[in-house]
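For reference, chains read A, B, C and D in written order, and residue numbers begin at 1 within each chain.
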């Protein structure tokens, strides 16, 4: 049984709280959020205690591991505190606002037995994981040669969110960059084209769509197509093409119902609306993996290094998109 | 090279004329239709001669084979005349208005070398034929155990047509009965439920929908679901289920385009509207099979016997539907 | 909060125990099973008490409702005891071995405020429920005209199970009969063809496949195609056809992954293996509906009457299948 | 009626000969090929005359239009000769080996009434054309924002072909470049990554796969993913994404049959093998469009300018792929 502290009582915090409650080997002990009302409300539902300061979780004797769902600028500090306090940590993406923090973090936790996992939930999505496994099992005749990732949000977040998000590449594409790493191994070259499609978002200073090309050390090439809007819902697909076959992970709908009339045939429902639904299983499986790894004393993955590798790709994409989409070598 | 006479310049006659023109080993020599203007118009397009009386085709020295697209009550007489004149014949379904005509026909052509093929085009549909072949090749682990046929027309024909059609079972389901024979072999028991769904057709004295259950001598069971209307177009599908697998022949759309918006996703086009489009390939392949069999001097199939076997199933279905859907044993 | 007693610690009992644990307004208090070890094992996981005799649940003051997962021959007695003890009851299908028990049951509980729900989980399956709702919302232009149900188990149960199952119609098709009622309203005529496809099961005295035609009072016709085996898994589909459209509920796979190589393209995974997986959501939603209805003091559905109506259809199907598939009028 | 001369009796020549024979308003008069046996063989099938020298076609009084299926290095000369001789011309892609030929060609035909169409058959593919039309009709809420083209050949051509092909971008991707123009309008920036996946082709000096990003003047971004091999056949798809919807053109299979067993479900056939099958309809529709435009005296499209525009994109892609995939501005 692993006793958990949860940092952050927002949307993601609620998802993790529910997953913890459902997991037979986990117990949610305490929830920290500076908005103490939010922490208290969530704590009440799950019979946990609420605190305003995450520091209390790091100091608590009855907590083995923390889930870090605090704002990104706090991630490095929270990871550091957890590691120094001997707590395992599952940290949401991105790991930091800048890859420059890597050295700082590694230095701060040097000598400690760090058990830190990055919350790249797509690695645990049943479809994406099945694609990766099928590739490893040789189903397409070797490694992936070409990878096509389509990743579009149903609608843009509020401008206030965009302003502090770190930009589309660190905020949104970061997941796809990790997916590319997960599927292809290390990435060596990054190119990006940013688009500004929605006039409403023109003054945010951020792109609202982007197309990125990644070249992996393996020679494989990935394209990532992002948009902050998609009329049909949360569009999350990928295709892995290889010498002897191809694998496709398709979108998920609420049911399998199809509809035909005199305009359309075999029409399906729109996609699940957003990540809390689309990746509900992935979040639970991610947590299960973390718990299993802790209990078995095994290496934890995705790691801090994976988190910073994805962040460096995001930074390269940003540079490319702002510099005439020139190729950036990592 | 086989020289053809065509009886009937209507919709089906036009399909056959086009197929003949496109076939390298066929030549359309003459077209007979009592509506001589129709015969002349079609003849002009294909550089053939037009006659009013089919008898002229049977007597013509430059004709090797006839395609019989005359009204059903004339089929037996036209087959008889063709056989006696030494012409091969491809006759549209149904072979007759009553199975009682079988004895009459067989007696009339006794001693002649009859080369007669029934126009059950579905046997030549690429999808249906592929299903049959896959079953024979052992893809589902032996013969079909359960067969599901869905067969719906886009819209009802004019009441005048229904009045002389012989009823839904002989006019429409006859194709599905032959498909069942083609897939399962001889049928031994027939049950049918007739439906009257469209108030507009209430006074035709005919059903406008029906559900039929067939038991084959093999022990397989088939269901056929018919309707005179289908909002999405011409609905023509089947499923063949066996011990080790299943095969599905799906509907055909004009293109492979799919469409998604905020209401539907991966919506496809409505089905091809009706038999001239849906079975365009099947008509051409049927004719090709007839020509090949004639040139090779091989057995011709589907045969007169197949035509009457399907007709007997239709008559049994009609009796069942009118008599409380009791089972009729053939 | 509703306090539950659970009768039966087998497969279905375990499903319900899990659903109860996950439901915010339910508490599992006690589990009864004559195999006391099974009851104890399950009770331990969910912090409940175990008893051998269901009678203890009916007498317990801390129990508001029972879930009846006992063998079918005990259902009527358990429902009666629950109602007399003032407990609500959710009873698994079929409600009894014979429709003759209806009068007995109704008499026994006459005058009591019976709160009994039948466990026809398919009504709560998200896809089937969405089809029913879409029909009610007018999506296909009125009521269903033709309903096609395909329902095949992945593999036959042990012969010992078949021997006491009451036969394929009461054991397996009973769900489809209720689905037909749910979709079409009352059924008035039943015809059935039984098949014996698997030589291994030849000596069970039961059919291992069947095709049933139902005529509803509305004039709609349903076909049900059943088999005790299906190589691709648990095959659970339906099509609802109406004047202006059609709705299809498709099978469910573990993921959305598709695979292509030089033999197949867009190949999907085999279906979820069996009812515990396929209808996992349906079981939870069914329980949620029961709890909601109890808390709101509303009419409970599906009712005892629905349970016996489905049973009468099953008995009619059995009679028809054993008597030359003659039509039976209810 | 338009009388045609056909230059080239190879694979493409044969396709055009068949389309001409089937078209009601076209007549194939003569076929030119330096391999006179090939010309004679084809001419015999279609009742035309055979010549070795294309010049004879340009001089022939009984020829209104020519189809230029000669090797690419001869295209400009053949177009020039046709235009000067007052013949209309339908020329296969690419229009030339180098965009430098544009000025030369335009000068040579200056003052003549040039009726020249480029053979970009994908514009006439029913699915691609339907996507373009649906976009124009406003189905996705305005113009395309992101375009994803997947275009893979079933297997690499012989090395001898590759050696004279002009490279993957001019030989293969040229079609996709034109598709991008057709869908998005003028392209302003090109980036390309070349891949060498097949060791067998390592010494050809050409890439055997490529991923290209195009930025259109409209702001739309297209990705093109090419490969010289695809185990499932000729992989030809595209997705057009816009503000209010998306359109997908899927691959084509020989039939609609799907297959399920204990390994796969709803598995479809592999794709049509190659362009002669996949684009059979497109070739016929392309020719029909050419004939219609000639008879109506209308502007002919795609034009010489479209041919050179696509060629300039190909040259930019080649430069980019050979220069670290830097962006090239047109």
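Here, a contact is a pair of C-beta atoms (placed from the backbone, for glycine too) under 8 Å apart; a residue touches a chain by one contact, two chains touch by 3 or more.
Being a predicted model, the structure only gives us computed values, none of them experimental.
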Check your understanding: Between chain C and chain B, is it the same set of residue numbers doing the touching on each side, over half shared, or a different set?
Key -> same
Check your understanding: Which pair wins on C-beta contacts, A-C or A-D?
Key -> A-D
Check your understanding: Centre-to-centre on C-alpha atoms, which chain is most distant from chain B?
Key -> A
Check your understanding: Centre to centre, by mean C-alpha position, how many angstrom separate chain A and chain B?
Key -> 57
Study note, to complete from the structure: CA centroids of chain A and chain D: separation to the nearest Å works out as 42
Point to revise | chain D, residues touching no fewer than two other chains | key: 231-232, 244-246, 251, 259-262, 266
Point to revise | Residue ranges of chain A touching chain B (in the complex, touch as defined) | key: 231-233, 251, 253, 259-271
Study note, to complete from the structure: In their shared complex, chain D is touched by residues of chain A numbered 141, 145-146, 148, 150, 152, 189, 191, 193, 195-197, 209, 211, 213, 215, 219, 221, 223, 225, 227, 229-232, 239, 241, 243-246, 324-327
Review point. Which bits of chain B are touching chain D when the two form their complex?
Key: 22, 126-127, 130-131, 134, 139-140, 244-252, 254-262, 266
